[in-house]
Amino acid sequence: MAIRYLDKYPKNLAKSLWVMKPTIVVLKLFIKNIFHRPVTVLYPYEKEWIPDNYRGRPGLRFDKCVGCGMCVRACPTACIKLIEVEDDNGKAVMRPQVNVGRCAMCGYCAEYCPVDAMTVTPEYELAEYSRYDLLYGPRRLHYEGTTEGMEVKCEVTLPSDIANGNPERRVSLFDLDRPELIDKKCIGCKKCAKVCPVNAIEMVEKGVNDKGRPILRPVIDNVKCISCRNCVIDCPKDALEIKEVL
Amino acid sequence: MGELLDWINFGSDPMANAYYPFDSYNLPFDIGYQLWEILGGTIAWLIDLIFPGNSVSTWLMCDAVSTLLALVVFMLLIFLVAFVSTLIVLWEERKCLGRMMDRRGTMVGMKGFLQCVADGLKTFQKENVVPAKVDKMTYMWTVSLVIGVSVLVLCMVPLSSRWFVVDYDTGLLIIMAFFALAPFFILVSGWAQNNKYSLIGGMRAAELMISYEVPMLILICTTALMAGSFNINDIVYAQADSVWYIVPQILGAITFFTCAVAEAERVPFDIAEAEAELVEGWQTEYAGMKWGLVMLADYMRGSVSCSMFVILYLGGWTLPFIGDGPIPEIVFLLKAYVVFFFMSLIRAATGRVRTDQILNLGWKVFMPLSVFNLVIVLLLMTGGVI
Amino acid sequence: MDADAVYQTPTVEEIASILPAKFASVKVTKTETRRVYATVPREDIFAVCTYIHDNLTFEHCTTLLGVDYVDHMSVVYHLSNYYNGVMIELVVDVPVDDLHVESVTSIWEGANWHERETWELFGIVFDNHPKLERLLTPKTYEFFPFRKSYKLRGSE
Amino acid sequence: MSDSIVPVKEIEEKMDTDKMWVIMGPQHPFSHGLWTLKVQLDGEIVTDAEPIVGYLHRGWEKETESREYPKIIPMADRLCYCASMTYTHLYCMTVEKALGIDIPEKAKYIRMVADEVCRIQSHLMWLAAVGTDLGSYTVFLWSMREREFFLDLNVKLCGARMTTNYPRIGGVRNDTTELFDRDILRAVDRFEKALWDIIALIDDSSIFVSRMKGISFINRETAANIGLTGPAMRGCGVDFDIRRDDPYDNYDKVDFEVPVLKAGDSYSRYMIRIEEMFQSCEIIRQGVAKIKALGKNAPYRVKTPSKVPAGTAFARLEDPRGESLMYLVADGTDRPYRLKVRSPIFTNVSSARLQSVGVRIADVPAVLAQIDMCLGETDR
């Protein structure tokens, strides 16, 4: 590649002792701008076109959300909180609430949402009169006109796939890691089954213990599981462990 | 007693007045005189209606008093026209600069003209802040003097042979003398503000002045030499008779233009208020309306610089082949605006020079150029070309 | 390998062999492409740095940083060569009860502010530093905020 | 002196002419950000100077110690508002080095292109600052206008203008979008034309050139010794660019020139950056061609373990402003034990005294604009 600017400049200073060329350049733009519009966008009246993947405030598709809490854990500014709301059938469910005042618009919640319920939205005019108004509840997070482009997919390629000569396979990050039971530690408390947002864990009886009580062990449905790690975090005896597929 | 119309002798010739203050016909005084005839006649009639047969009414309408009070109206008129033309200059710069920089410029009403009014109102509403450690008297007085001198010199520029304030034989010199006064006040003001930036800014204003003033005066003298007079009327009509002086004095015109930019303290010679290093230079401690007035004074000086250029090199209010024309004032102002457009262009196209560079420029470039220009003019005159 | 010669573009292998040859206390722990990792006892650091600067032509001290390993502290030097892009990482362990290291500001002026920063954040004193004052934190601070003993409010 | 009628020296001694300390900053038009430069003036000439930084110290490095690795990526964006992409890139490179993994080719090229977009945009920001520091608002607005097209590219690539949050540990966040593919070459072609206009405004104007030419000389040895890096260093004659001499992320597979000037004055430091923008355009063109050649289905992100094995790692790259380096001490958990950022400006600004002593106060902004100040990374 060639040096392009340094070959032309610096020129002899005596040759450029005038301000003629800059003046002509400016005059050219001036004459152009008499007929054309300047590039300024008159912001409140005109708005720039923004693409679908623009990262404004987070949006939520209420019916798609399973309340797994991945967004809460992925949020770097800790602005998301799970609160209890009534869904359309009047049932109490956990859904995220976003404090937009703290939101850094990083898009992590949309990226780490296993069911693509969280989206990014192109809404960026978020000023409110009080801090309380900046709390966006699950219903308020809904964005009219959510399109497919607003979902952020988190697709990865496994290093093992690349090593095996299959580099074009892309897997969703949430189809890979599955919790694994360490049988010795489990006490059969059913907590994992309770916290699982997609009911992928079923407690199965596996024989009877010394006192004659049934031994309950979780069995994980790998198809249903969204690798949200709720069971791992909430296990009182650390009997569940995420097995990372690499 | 009498009818109202008896008191108002509208349409009388002011020059027939024994106390007529000018040597020749003066349009703004004429307008002022007629206005006063209406106004004063009404007042006199009213007073006479209440106190019939008093002497105040007749005194009001006597030659001396009506001249005096017509002069007040005349002054207001002169100031108003000068002020509005300054606002137009301000608007022109903001709009043109905006377009040159690929933005829109002012947008408020009348293609942005009302932005000047809005800014004036805004600065007027601001609190009058006087910093605690300034030298209060000097601080207040110097800014008033800077503005006062600028207004004075703005009003003294004649717009045509019939629109003038003074018509002395040394009119040009008087204008230049008042024009050159402001840097002294700026220097004092920079000291009075008790601020290091202001102090440096004030020093720089003085430094700037000694660099451009001498070549500028030489150029003015050259023009006066060509026209054979310091009288502005004579200079303008001498150009109308022969040729605009920009043709024989093209070098001088360019030099004068540059000096005029420096005189008005505009980019690239705004070293006294260089915002990159001196925040706002000598204006740092002025806030609110004081700052607004200082800014206005800046544009007034810019407008005067352009007017001087028009008078000296562009034939003033005359047009080639036409002469005075029906409205010479408008011609004059339009010419000034065109010159000011080039000032805006220079402002958009250049940066700020350094203090030592402007001194070098003034004494090593402008000074020889102006002397060279003088020599050319002398050669032309001895050769009988002009 | 002549240890006293001046190398303008020393290769990684040359550095890895010269350094321990010249200074017995220097241990080269790892080498990669254009990277040399070594540990130096703190008594020798000034001599080693002078040698690296003068004889191996490492003109640039990229950075200098402290790490608090609780039981001891470390000062890590990253030195780079402008002729072939080789970097040397020197690790100097400092015991907690005697946090003193010789300053290298006289060799690389660029290390000046990095040493000041390391001092104010970790409390590692650089001897013979021209101006060891607080730089980023207020002058009134009397503690060293980046030590592990200084807990953030939210982290516990 | 001796034969003048007035004993000048004597008068000067009696006049008690003190030197004046002027404190420029933290709120000053020339300090682009919050920092202070104390200058000692003898008349208009600077005789001494002392930079003061730290107004923006957030304890960035300490704060990372309490966050998981992916959560530091948005934080790394906030290190520098103009060059956010390079810092995120650097952080990801460091963690990948600690993990000992290699990322896909396509991710490397995308990162490279994104980095160069970021470099152009950062240099334009610098050009704008130089314009205002030299008293021309036109340069400022024209550069900002051009910068806007590159910020739009960022939006099309990853959805955000400045805090991009785009590279990930193990690759990049998403594949290049259709809009990005469509617009990038167009934007680059358009930019090159517009840049010549800005160059005509500055380099063909005797005012700008005489303001920058011949002031604040730094020779090669001093530049290397005081730790000046980046374009400022190359303007002083040090022929070193990490992209070429210590290549990372496929910079060795594209063809570009590293501009070096020996003059060492303010103007040469300016010219290096202008040339770098042209070279960045070249790199972008080649990089986009390489991405196209790799095809749509090439992997762009590999899965990485969430825990980093204990050990240390460092990586460095060529920031728009100079050499930046991150040093990571991992202890086997999902949070870093210590993360150190070597910011180029932190060292460059420590040479402010050397650069500004001897120049006039009018030139202090013009000289220090060549550092390209950004306080987010300086104070961290």
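By letter and in written order, the chains are A, B, C and D; residue numbering begins at 1 in each of them.
Throughout what follows, contacts are C-beta pairs under 8 Å (C-beta built on N, C-alpha and C of every residue); 3 or more make two chains touch, one makes a residue touch a chain.
Predicted model, so just to flag it, every value in this text is computed and none were measured.
Trainee: Have a look at C-D versus A-B and report the one with more C-beta pairs in contact.
Mentor: Of A-B and C-D, more C-beta pairs in contact link C-D.
Trainee: Report the most central chain, judged by the distance from each chain's C-alpha mean to the global C-alpha mean.
Mentor: Smallest offset from the overall C-alpha mean is found for D.
Trainee: If you average the Cα atoms of chain A and of chain B to get two centres, how far apart are those centres in Å?
Mentor: About 63 Å, centre to centre.
Trainee: In whole angstrom, what separates the CA-based centres of chain C and chain D?
Mentor: Spacing between the chain centres: roughly 24 Å.
Trainee: Using mean CA coordinates as chain centres, what's the chain A-chain C distance in Å?
Mentor: Measuring from centre to centre gives 40 Å for this pair.
Trainee: Between chain A and chain D, what distance separates the C-alpha centroids? Give it in angstrom.
Mentor: About 29 Å separates the centre of chain A from that of chain D.
Trainee: So which bits of chain D are touching at least two other chains?
Mentor: Residues 138, 145, 201, 205, 207, 210 of chain D touch two or more partner chains.
Trainee: Taking each residue of chain B in turn, which ones touch at least two of the other chains?
Mentor: If we look for residues of chain B contacting two or more partner chains, we find 100, 102-103, 348-350.
Trainee: Pairwise, which chains touch?
Mentor: Pairs of chains that touch one another: A-B, A-D, B-D, C-D.
Trainee: In the complex formed with chain A, which residues of chain B make contact?
Mentor: Result: residues 96, 98-100, 102-104, 107, 345-346, 348-350 of chain B touch chain A.
Trainee: Would you pull the chain C residues touching chain D in the complex into a rising list?
Mentor: Touch residues, chain C against chain D: 34, 59-63, 65, 67-68, 76, 78, 80, 82-85, 87, 89, 108-114, 117, 135-138, 145-146, 150, 152, 154-155.
Trainee: Quick one: in the complex, what on chain A touches chain B?
Mentor: Its residues touching chain B are 19, 22-23, 25-27, 29-30, 33-34, 38-40, 42.
Trainee: Taking the complex as given, what residues does chain D use to touch chain B?
Mentor: My answer: residues 20, 22, 24, 28-30, 41, 44, 131-139, 141-142, 145, 201, 205, 207-208, 210-211, 360-366.
Trainee: For the complex, give me every residue of chain A touching chain D.
Mentor: 1-6, 9-11, 13, 16-19, 21-22, 25-26, 29, 39, 50-51, 53-55, 74, 76, 104-108, 111, 120, 152-153, 155-159, 162, 167-168, 170, 173, 176, 244-246
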